[in-house]
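Sharing a structure, written as structure tokens. Questions coming.
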Amino acid sequence: MSTRLLPHPLLTPALTAVWLLLNNSLAPGHLLLGALLGWLIPLFTLQFWPETVRIRQPWVLLRFLGVVLFDIVIANLAVARLILGRPSRLRPAFIEVPLALESDLAISLLANTICLTPGTVSALLSEDRRVLLVHALDAPDPAAVRDQIKSRYEAPLKAVFESC
Amino acid sequence: MLEYALSFLILAGAIFTFIGSLGLARLRDFYTRLHGPTKATTLGVGCLLIASSLYFNSQGEGISLHEVLITLFLFITAPVSAHLLAKSALHQHLPQVGDKKKPARDN
Amino acid sequence: MLSLVIPIAFTLVGAAVALSFWRLLRGPSAPDRILALDTLYVNTIALLVLLGIHLGSALYFEAALLIALMGFVGTVALCKYLLRGDIIE
């Protein structure tokens, strides 16, 4: 019953929040309309959302978000310093990161995180979804970058979305 | 006090935006150029949007939070477009700077 | 304080637009130009937000939101074109 009427319990509050932010108001009318939209849109777009998102350990997710926000600021200071320095001293490298994640959502979240944090951009996911090719702006030691990505970002994502 | 925080945020945002574009103009191959706009410019515009939100809150016309929406949207979409750009550059076999010095790239 | 900072910020963001525009004209490859266009979109959002603070008007928020949406869709469409030679599959 509840799964048929409310197929994605996390999408509904998110859509309602976006509607309220768009209108920039908390008036009861907007609350009601937002809740209605948040309920109807997942129902009508059901076939675009094949897998249900389930968060197993919310605290790990919150801590992960904190770590990522902190890293974004650090990463920007580091990238700014590298850009202002001499371009010929950069050592860019392509790094292959083997993936332990399997679900679409976790892989795309990992790729997004990699793009926003220290000096790396995810470039290519291999056909069998086992290897992510990452480009690093300045990597004297590619193995260290790979280990950092695996322990700092991949492990929490695996714990949140895939531990069973 | 609030004015100093606002000034700091605006200045930091503008400087980060400028550094992002500087990286785009200055670095030597496509893959390194990609880093400036995706990180520095996104954070710069994020700072400016938060400053705008603070400013309109301090004007006393109710709470204004819709700038948060653009910030979130930018932080979600910037990595996606960076990933797609890197993918299309690899698809076109764009040269990398290090290739001349050490031509053997693993794989 | 704000009246001092805002012109400086306008100058910096304007310089950023000029640098991105230079990269857009110079190339040398198609992904470079797309990246420059993407950066121009984001810089335009920064300029609009600054103008909103400068004039004290929240009117420019919708324009900034629309530019963000259209810029992202445009970048994705151009990248798809480079990857597949076709936008709609």
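Chains here go by letter, A, B and C, matching the order in which they are written, and residues are numbered from 1 within each.
Everything that follows uses one rule, which is that contacts are C-beta pairs under 8 Å (C-beta built on N, C-alpha and C of every residue); 3 or more make two chains touch, one makes a residue touch a chain.
This structure is a prediction, so every number in the text was calculated from the model and none was measured.
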Max Cα-centre separation from chain A goes to chain C
When A-B and B-C are ranked by contacting C-beta pairs, first comes B-C
Cα centre of chain A to Cα centre of chain C, whole Å, reads 23
Here the gap between chain A and chain B, centre to centre from mean Cα coordinates and rounded to Å, is 16
Between the Cα centroids of chain B and chain C the separation in whole angstrom comes to 10
Going by residue number, chain B touches two or more other chains at 22, 34, 42, 64, 66, 69, 78, 80, 87
Each of the following residues of chain C touches two or more other chains, namely none
The chain A residues in contact with chain B across the complex are 18, 21-24, 72-73, 75-76, 79-80, 82-84, 87-88, 90-94, 96, 111-116, 119, 121-124, 133, 135, 137
Residue positions on chain C within touch of chain B in the complex are 1-2, 4-6, 8-10, 12-13, 15-17, 19-20, 22-23, 29-32, 34-36, 38-39, 42-43, 45-46, 49-50, 52-53, 56, 58, 61, 64-65, 68-69, 72, 75-76, 79-80, 82-83
The chain B residues in contact with chain A across the complex are 16, 19, 22-23, 26-29, 31-32, 34-36, 38-40, 42-43, 64-66, 68-69, 75-76, 78-80, 82-83, 86-87, 90, 96-98, 105-107
Residue set of chain B touching chain C in the complex reads 3-4, 6-7, 10-11, 13-15, 17-18, 20-22, 24-25, 30, 33-34, 37, 41-42, 44-45, 48-49, 51-52, 55-56, 59, 64, 66-67, 69-70, 73-74, 77-78, 80-81, 84-85, 87-89, 91-92, 94
